[in-house]
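In what follows, a structure is listed as structure tokens, so that the remarks can point back to it.
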Amino acid sequence: MTFFTTIFTFLPDLPAIIIITPLLASLLAAASGLFNRKTPFLIAAAALFISFISSIILIMQVVETGIVIEYRMAGWAAPMGIVYIIDHLSALILLVITSAAFLNFISNRKNIETEFRNKEGAFNSLYLLFTSGLIGMTATGDAFNLYVLMEIASLSGYALIGLGSNRSPLATLNYLFLGTIGATFYLLGVGYLYIATGSLNIADIASIIPTMMNSSIILFAFIICMAGLLIKMAIFPLHGWLPNAYSDCSNVSAGLIAPLTTKVTIYIMIRICLTLFSPEYTFNYLKISEFMVWLAIITIFFGSLSALAQKDYKRMLCYIIIAEVGYMVGGFFLGNRIGISGAILHIVNDAAMTLALFMAAGIFLWKTGEDSRDSLKGMFGKMPFTMAGFTLAALSVVGVPPTCGFFSKWYLISGGIAAGQYMFVAALIFSSLVNAVLFFRILEIAHFEPFKEHNHDHVYHHSHNTLLHHHQDHHDEHYETTKHNGVVKEAPLEMLIPFIAVSIMLVILGLYSGTIVANIIDFVIPAAII
Amino acid sequence: MKTLGQITVLFCGGLLLFFTSDFPDFGDANSPASLHLSPYFIENTLKDTAVPNVVTAILADYRGYDTMFETTVILTAGLACFLLLRIPKREVKSRYYLHEPTGVTLRFEGDKYPQKSDVFKRIDSNWVPYDLIINFTCRLLIHFIQIFALYVVAHGHYSPGGGFQGGVVLGASVILFAISGNLRAAIKRFGEKTAALFSAAGVFIYAGTGALCMMIGEHFLNYNFLSPLLGTDRIMARSHGIFIVEIGVAVTVMAVMIWIYYNLSSAGKQDEGL
Amino acid sequence: MIIPIDLIILVLIIISAIAAITVSDLLSSAIILGAYSFFLCLLWTVMGAVDVAFTEATVGAGVSTVFCVAAIFHTTRRTKD
Amino acid sequence: MEQILSFIAAKANYWAYVILLMVGLYAMIVKNNLVKKIVGMVIFQTAVILFYVSIGYKTGGTIPIIIYGDGHNSIIEPAAKAVDYINPLPHVLMLTAIVVGVATLGVALALAIKVYQEYGTLEEDEINKKIRA
Amino acid sequence: MDNLILYSSIVLSLLMAIPLYRTVMGPTVLDRFMGVNSIGTQTTVLLIMIGFLYKRVDMFIDIALAYALLNFISVLAASRYFHKSKGLTEDMESQDS
Amino acid sequence: MKTKQRIITFCITFSILFLFWVIFSGKFDLFHLSLGIFSCLLVSWVTSDFLIVTSDISRFIRLFMGFTLYIPWLIWQIVLSTIHMIPIIFSPDIHNKINPKIIKIKSKMRDNVGLVTFANSITLTPGTITVVLNTYGDMAVHAIDDECANSLPGDMGKKVEALFRD
Amino acid sequence: MIVYISGILIAGGLFFFLVGSIGMIRLPDFYSRLQAAGIIDTMGLLLSMSGLAILALNEFTLGNFLSALKIIFIVVFVFLTGPTATHAIVDAGIRAGLKPWQKK
Amino acid sequence: MLMETVFSIKPVFAVLISLLAIPGIISSRTQNIRETWTLVAAGIKLLIILSMLPLILDGKVVSFTLFQVFPDIGISFRVDAFGMLFALVASSLWIVTSIYSIGYMRSLDEHSQTRYFSFFAAAISATIGVAFSANLLTLYIFYEILSLATFPLVTHHQDKEARSSGRKYLFYILGGSIGFALPAMMITYHFTGTLDFAPHGVMAGHINSGLALMISMMFLFGFAKVGIMPMHSWLPAAMVAPTPVSALLHAVAVVKVGAFSVVRVFTGIIGTSVLADFNISTIVCVIASFTIIIASLIALSQDELKRRLAFSTIGQLSYIVLGVALLSKSGMTGGMLHIAMHAFGKITLFFCAGAIFCATGVKYISQMKGIGRRMPITMTAFLIGSLSVVGFPPCGGFISKWYLVLGTIESGNLIFLFVLLGSSFLNAAYFFPVFYNAFFCSEDQMLFEDKVEEAPLWCVVPLVITASISILLFFYPQPFLKLASLAVSTIMGG
């Protein structure tokens, strides 16, 4: 009972709590990590859980009342101070972010302890900071505040993925360069908006823009913002940083960053196009929809074909992510209600799918120590539950009903047909088929090939730098379980349960997608869009 | 790649240059940017917060939330450098010690080495004797740098400066100490754990102040809550709130700058370093 | 009235920026970056942004060049471009 | 002639920002050396700062610190006029941007050190050669 | 008085081009240090002059003071680089750092 | 270090720093002064062992007085040697006018403060730069021409030695 | 009156800045250039700063006096740091193995 | 004709009951418990379906919407006569097959039995789901689930052959459904705005002739499980599966799901009027006839018994399509009945093939010389089964064929009559060698020793049951006949 009382006491402050909790906890985690190796995990898990719960309460609040929640930071009203806006869309994305971060985190306790030995405090802290950055980006109603939070997310992201295999620093450095270009372009775009309107608040700018539709500064602001965001979301010609960065890093980080970064960036794109610049400006005045859809089509084709060429499982996932970015961008710029619904729904679904796939990758790596496709030989027999979950995720990416991937694809294709973009439809179907081939290859290996002995000396090769001196003694326990008979058993329960939960979520999300669309996404899209 | 880059750059540059003509003139007092929001700040800062430095007032109060995350960015960078570079201590076969009065270097095998001693100083194989002039001057200056830094922090309300600048100067003073002597000496005075704790503590002061406001029932970071605590009116409460968060910023920035320097200059080994 | 100084410093800034990326030695590059930040600081003061200038002064003179030098110390000065 | 001069005076800052932006971008895209790219990144970020600060400048305005009356605690309002002071908002934003720049610089350099420890060189083409080998 | 300061500061800012020339063109790295050091000194003066131009000199002195105190840190760091037995031109790649 | 000596250095440091604070601050209300006291205490507590001039207060005062007398003289020297430099720099045939050389001199002082003062004075006067200095008083000085080289150690050495003689 | 004095001082300072700068360009080697750079650090700064300090005292108030004092402090600090920096550079040059220019 | 709709959750349970059994199967520690789970689930499922039978026979419709996945489309179930017919066949045969699998798997001591029974259950769930689906989306979803759930069954042996045929299987089935059926569905949705099955189709008036033809073809080939000729080759390949799988899934569930889906789409979505007006039905008939003849001819040349049966299946499936595409009442009734009749006949044949393999390890017809004397019960059942498939009285197959023939005459396309008759002869021709080898070879040609006996009891009982049902259906086809005619009367409007 006291619990609920407490919750209701803080209810008006929930938009702040959802981000402040991870922030404060990250400080505590960083500090406690200096003295104790276990506490940072507990603190971080608790904070993520609180955020998760608050996001659930928020979305329930928003859906029930239908009122946009506005929270004034420092008590100053909108154009002067910074406000947080929780509307249907941001509440939805918040839920996605917090749940993904929470599930990925609790499932990876062992990975964190081994891969980041003696640095758990810093790692957990950065993990929380990344999460709070994304949460802030989603919730904020201020264009500049968005930039700051974007930088927090990026910086902590660089750190998280910088410590993986021995190739990851280079990949991360390239990511850093492009990420900085992207963020700086965004900042520049905000500057252009500021020079034209004199305001930084998104709602305020949005109210000014209709009076100056023809201004070339506004046009440029749009182009520059978009350029920055497109770099950050890794659309086709600007995708170069993503595959290396995501595939070389450690699994914990990949499981956090890969599902969320691009999706949140796309969310921001949607927010900028719909809320900041009005849909009228974006779709009717600018006439860039056609171009963007073609860009998306090329991205889809490129991503799918490149994924075909990959031998490494994680790299393949990375190219699939690129293709999925094409889905969402293309779907959004179809400019009709169905397409945009599909794009938004796909943000949610794709986050869940990618999370599941990367969690699976984490489990495989933890178990076999390799991440090539061949390491999966005979996995169906050894880890049936993991493989079942993995299969679900794979099917979802392919777009097989009743997993969620099918339903968002349905909207996207309907939107494509409605908008007359048959090439986009073809690209989607093509990509589905390619994904089917890709995942079928993996499943086939796991199903047909006999189980292979794994060379456990390589288990932690990817974190050589931090572990060289410790991992021998530390992994005795792990060695015990695996070396007797060479049989890999099912992953530990703490990894398995979140993973299975996510996999089942894939189906549930699919089955309830109608509810999501009707209760949440319909409110997001302005009535002007048909 | 090179041609492509040049083309891109020329194209973007040309485009951007061409459209600069639509900007309001440089120094135009009637541009939208000068008319929409900023007049409110300029005209009301003193009334709202009793802080003459408008920049400080906006930084720590109107947009204090931004600044909290700016501080967090710094903390993130510190943590990132630590995570990326820091190498855990490893068993060493031999250690070098300098006998300071005579300048003789001794090599100790195993774990036979002088315990805490004033005459023996741990050094590394690439140790170089520090320069007398540099060392002396820096020792002389560090006080003044530090007192100057604290002055900057304390007078952020009335003159340029504030937590961030003061923090950087404070950090620079320790960096100066490390450069003029060696890194080990600096670490002995301002250890790595201290740096980590301070950097977290600074943000904690900031965010904790905000959270305290929230718990008392105001909005996050609304310093009004301080007025009953300090026994002042709300305006002065805001002024003091700004001061508190500036201290937080300074602490974090100082500690993180030092921390990053430790890690960068020794490539994570935290030995003698640069 | 302050425009001429502004213009001169802009020119100096651009010169040092171009120099920083063309000079064929990383240590020099870092040092020129220091000079670049001096000019930037001047420019901010010319434009009346004292707080920004102060920050630039402390950061540019105090830490960022030091960071660069420290990093170069642990890597290499050599560069082909 | 005067017109040209005043035109230059009115736009020079924006031109300079574009040039710096492009210099930085060029370095980040084309340069082969990682630290060079980092240097380019710094220039790139400062270009945006230049842009913002230029927005804020007001001819005839003074620095955005209110000239207040005697005694620093008493609030005497000869109400400050907006025209007299330079727009402070861009300055606030750019303080944040500078901080972000330093933070990014630190992380980038840390990564560069890691790269060097791994490959023994900072030239991208040499690194790629080593990766392929 | 305004004109005095204005023209002095213009002259001073023009003069800064000369150390900059040394910084940019300097045959050795050490010449560049020297140039930067001189630029730093001139910057300090110019900052105060700009303070006079704005008639708010008390606000600008802090910045100049910060320069006076911090200007040489980067030079010290750079010279420290050579202290650690690094050569002037060639890199001692073999050195175990 | 003995406690008494420590307290004395602490006090000296504190008073110097507080003087600086007052000059910097220019605000004499209670709030800022207390802030100043707090900051100065903090700094002197952290770094009081940096500025070990001496534990002898009378010597400290003597040194201070000596410095006050020495600095104008030094400035005069600087002016003189700057004037000496001007024709060299502007001469069309600059390569003949100068004759750079590194000369070695030895100071009898053993006090590090004195040595550093001496070395910095040499460097401050244009035309000569201290290149090397060690605790035994061995110095190497780079001088731009013979005249500068010959003036060393000269008056300056004597004055500094006198200043730091116990 | 004060304005004239300070004008002269500032002009002197600028002159020495010029001298130092030209010296930096003209002198043949690094060490001797450093000697010229020393002029900027010492005479130029000293003269121009004292000119500015005097100018600050144009209207005598406590604030202005403190400003002038601070300007003098800048000079003091630069007089401390300048030679140190110069020494550091020279020291680096020697350690890096840079040979001084010798008259043939 | 307005039908009374009953809202009930029973269809959902009917679908889910076997899925719910899966956790039980997985967590079982011993074989017995696992099999008990399977049998119990099968029994309950049949009971649930039977409990709905009276309602359906009364002309009512049971309906339930589970999820509203799109604003105007949900995952909803709707039990009508046609679906009931199919569900009845599938669920009753599941019990029999379960019993048979137990015997088969135990006697061969196959590996991964847990997986086998789990996916078996999943597959039957999906089959019932297809039968009960109320709209095309639901149908498609269960169709896909079925494709995937059967994959591990098809490739149960996990060897090289299984791998290649598994690939082929997925390529045809998934490729067809994603590549053709899905876009066709999307286009349908775009033009009509609904995907619900309506008695007379939803397309009339929304679409032009070319598009209608395209959509029909896309559905016909997209639902590759029906095995229309260019898309048929997965079926023979899939015969590498263990025999119970082949039996249930490739004689009953999977292929019949294909046929069912095609019929459902042709009648419920495209609509008979569109088919007739744009002359699509004739094209479909031609394609189906082509498949019938060619498949029968290929079957003649196969030596491996299961492959021969597979090609036979391909031919027989096209009977269903042909019957529906004739657009005559009798033809349609015949087509629908054929789903049931062929199922019982063909499953008997597969059971027999499996029993032979179990007992002797023989796969090829040419090696079966004299087997009839060693395994008389099995081979008698085989005889009954094949007679049913050929369409000889007194077997169930005769009834459906009779209606089909009537249908061809009714529709006036006598050429298809000849196709039917000709193919029946071919059917007889390819079954005859089996008997000849089994019963009529001389002593010295016999390849079997005395110790070869009948397959285990678990195997023999089911095939006896199905064989007797096949005969029973000739004499008492009432439930199926009534359901089929109910369905046809709904579709053809009285």
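First chain written, first letter: the chains are A, B, C, D, E, F, G and H, and each begins at residue 1.
As a convention for this text, a contact is a pair of C-beta atoms (placed from the backbone, for glycine too) under 8 Å apart; a residue touches a chain by one contact, two chains touch by 3 or more.
Since this is a predicted model, take the numbers as computed values, not measurements.
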Set of chains adjacent to subunit A and to subunit G: B
Label of the chain whose CA centroid is most distant from the centroid of subunit E: H
Pair exhibiting more inter-chain C-beta contacts, B-G or B-C: B-C
Mean-CA-position distance for subunit C and subunit A (Å): 37
Centroid distance [mean C-alpha coordinates] between subunit H and subunit B, Å: 74
Inter-centroid spacing, subunit E versus subunit B (mean Cα positions, whole Å): 22
Whole-Å separation of chain centres (CA-atom averages), subunit C against subunit H: 78
Subunit A residues counted as touching two or more neighbouring chains: 144, 148, 151, 155, 158-159, 162, 169, 194-195, 200
Junction residues of subunit C, two or more chains touched: 3, 30, 48, 50-51, 53-55, 57-59, 61-63, 66-67, 69-74, 76, 78
For subunit D, residues that touch 2 or more chains besides their own: 9, 12-13, 19, 21, 25-26, 54-58, 61-65, 72-73, 89-93, 95-96, 99-100, 102-104, 106-107, 109-114
Complex contacts: residues of subunit G adjacent to subunit F: 16, 19, 22-23, 26-29, 31-32, 34-36, 38-39, 41-43, 46, 62-63, 66, 69-70, 73, 79-80, 82-84, 86-87, 90-91, 94, 100-103
Subunit B partner contacts - residues on subunit D that touch it in the complex: 9-15, 18-19, 21-22, 25-26, 29-30, 54-61, 63-68, 72-73, 75, 77, 79-83, 85, 87-93, 95-96, 99-100, 102-104, 106-107, 109-111, 113-114, 117
Of subunit A, residues touching subunit H in the complex: 381, 384, 395, 398-402, 406-407, 410-411, 413-414, 417-418, 425, 429, 432-433, 436, 440, 444, 447-448, 510-515, 517-518
Residues of subunit B defined as touching subunit F within the complex: 131-133, 136-137, 139-140, 142-144, 146-148, 150-151, 154-155, 158, 189
Touch list for subunit C against partner subunit E, complex: 1-2, 4-5, 8-9, 12, 15-16, 19, 23, 25, 27-28, 30-32, 34-35, 38-39, 41-42, 45-46, 48, 50, 53-54, 57-58, 61-62, 65-66, 69-70, 72-74, 76-78
